[in-house]
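These are the structures, in structure tokens.
Heads up, the next two complexes both have chain A, just with different partners, chain B and then chain C.
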Partner chain A sequence: MAAAGEERQMLAQRLKAAVHYTVGCLCEEVAEDKDVQFSKQSIAAISDITFRQCEIFAKDLEMFARHAKRTTVTTEDVKLLARRSNSLLKYITQKSEELASSNMEQKEKKKKKSSTAKGERTPGEQEAAVTENEDSNMA
Partner chain B sequence: MEERGGRAGGFRKDTVDRLLRLHFRDGKTRVNADAQLLMAELLKVFVREAAARAARQAQAEDLEKVDTEQLEKVLPQLLLDF
Partner chain C sequence: GRRCSSLQHKSALSACVTDQNQVKSHESWSLSPEEFEAWDRLYRIKESDGIKEPVLPRVQFETLENLEETPFALQRPEEGKVLELSLSEWSLWQNQPLPTSLVEHSDRCHLFIRAMQMMELMKHQQGDCSYEQELQPHLHMEDVNVPGHKRHLSTSNPP
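So, the complex of A and B:
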């Protein structure tokens, strides 16, 4: 048990380092956009906040999936996570539709010319279709 | 989205998956590929939002450098929005 706990700690440290690195890159972009500088401490603080926020995100996502009687977290759960801010929800929904439609394109490429009519669906319909597929995979 | 599998706007898909699974209570819980990419996007928005709001706070205070003090001021509202 002690070994497992230690391993988990080491993984957490590595993940914290990965988050810190990415946060550093993203802050650099913001710094250029807004023409300000970020102190090292402020970048470390944003990393720490992000890492802690992941715990809340993860537990919520797991609950949302379980509420829908699934063990796999889907894009629907992520959309629920973004419900508090309207503009955030709009952005995340749009990204989710982009993902769904690029999935459709890939599937269509595999099928080749077998179904050209399907390409003319609206994004909303495409998304619904993909979600259905995902659900049936899980059963 | 062009960066499938690899980097999805900052956070790697694999990093996101491990971050989430670190905190799941049930070991059977999984995250599908699209949800991983969407979470990477959400985390990117979270970080950029934190940085942008702190930067705006610093500019309102006529500072050139953002420090933890500015971050502390914008943190409560940030956490309410996510």
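So, the complex of A and C:
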């Protein structure tokens, strides 16, 4: 039990470190863009808030999917996360449509030359495309 | 349909009003003349009160195109006539759970409290950051998007 808990702890630290690094990169770009500086402490705070916000997103997404009697989280669930703000909802919806159409293109290409699976990004996109289809079947 | 059901389920308020006329006027969604009178006298903010009307801050996104969020458009408050309710003025009080009545603090509320605690702890740190030092050894570069990290922000900018 103790070992399992420790391993969990290590994974959490690893994940936090990855989030912290990425938040740092994003803040760097904002800093350049706005000509301001972020203290290391402010980046740490943003990073910790981001990490914890993921817990909240994950729980909500799971509940939204279950509410629709699904076990797979889809883009529809993600849109629900943004329901309170029109601006955010519009943005997320646009991104989702862009992604869906690029997935369609990818699929078309695949059909034409079904032999070669290319690029490491494709599996993830394929998955997204599958869930998209599931969703439209549900509707 | 709406009327019938509201007749059947009299609200607690209308139930304690005995006068038949008063009961009738309670059936609509709006205030009855008596209720209006009471509201006007006791609660309504008037010019003579010398206090500003409280309004909630508007949602603004720094990195997105901002749409009109409030359907009733809060009627662009005149400068100085309103008091915008602040969610940050008492930040020093927010590093601990405040008392509750019937509704417990939610997970996201605890998240907020923890973040405020963390910031409190780091407030006096100069330069090196304990959070960073603690996590540094756990960073695996394969977890992060190293060369292309520029892409993140360029795609999150509005067109």
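Operating definition for what follows: the second predicted complex is superposed on the first by the 113 of 139 C-alpha atoms of A that agree within 3 Å, B and C clash if a C-alpha of one lies under 4 Å from a C-alpha of the other, contacts with A are read in each partner's own complex, and residues count from 1 in each chain.
Everything that follows uses one rule, which is that a contact is a pair of C-beta atoms (placed from the backbone, for glycine too) under 8 Å apart; a residue touches a chain by one contact, two chains touch by 3 or more.
All of these numbers come straight from a predicted model, not from anything done at the bench.
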Which superposed partner A:59 touches (first chain B, second chain C, both, neither): both
First, second, both or neither for A:18, with chain B first and chain C second: both
Which of chain B and chain C A:50 touches, first, second, both or neither: first
Which of chain B and chain C A:10 touches, first, second, both or neither: second
Broader residue contact with chain A after superposition on the shared chain, chain B or chain C: B
Which of chain B and chain C A:78 touches, first, second, both or neither: first
Contact residues common to both interfaces of chain A (with chain B and with chain C): 15, 18, 22, 25-26, 29-30, 33, 39, 41, 45, 49, 53, 55, 59, 85, 88, 91
Partner chain B, residues of chain A touching it in the complex: 8, 11-12, 15, 18-19, 22-23, 25-27, 29-31, 33-34, 36-39, 41-42, 45-46, 49-51, 53-55, 57-59, 61-62, 65-66, 71-75, 77-79, 81-82, 84-85, 88, 91-92, 95-96, 98-100, 102-103, 130, 134
In the complex, chain A residues that touch chain C: 10, 13-18, 20-22, 25-26, 29-30, 33, 39-41, 43-45, 47-49, 52-53, 55-56, 59, 85-88, 90-91
Touching residues (chain side chain C, partner chain A) in the complex: 59, 61, 64-69, 107-108, 111, 114-115, 118-119, 122-123, 125, 127-129, 131-132, 134-136, 138-140, 143-145, 149-150, 152-153, 158
Of chain B, residues touching chain A in the complex: 1, 4, 10-12, 15, 18-26, 28-32, 34-35, 37-39, 41-48, 50-52, 54-56, 58-59, 63-68, 70-71, 75, 79-82
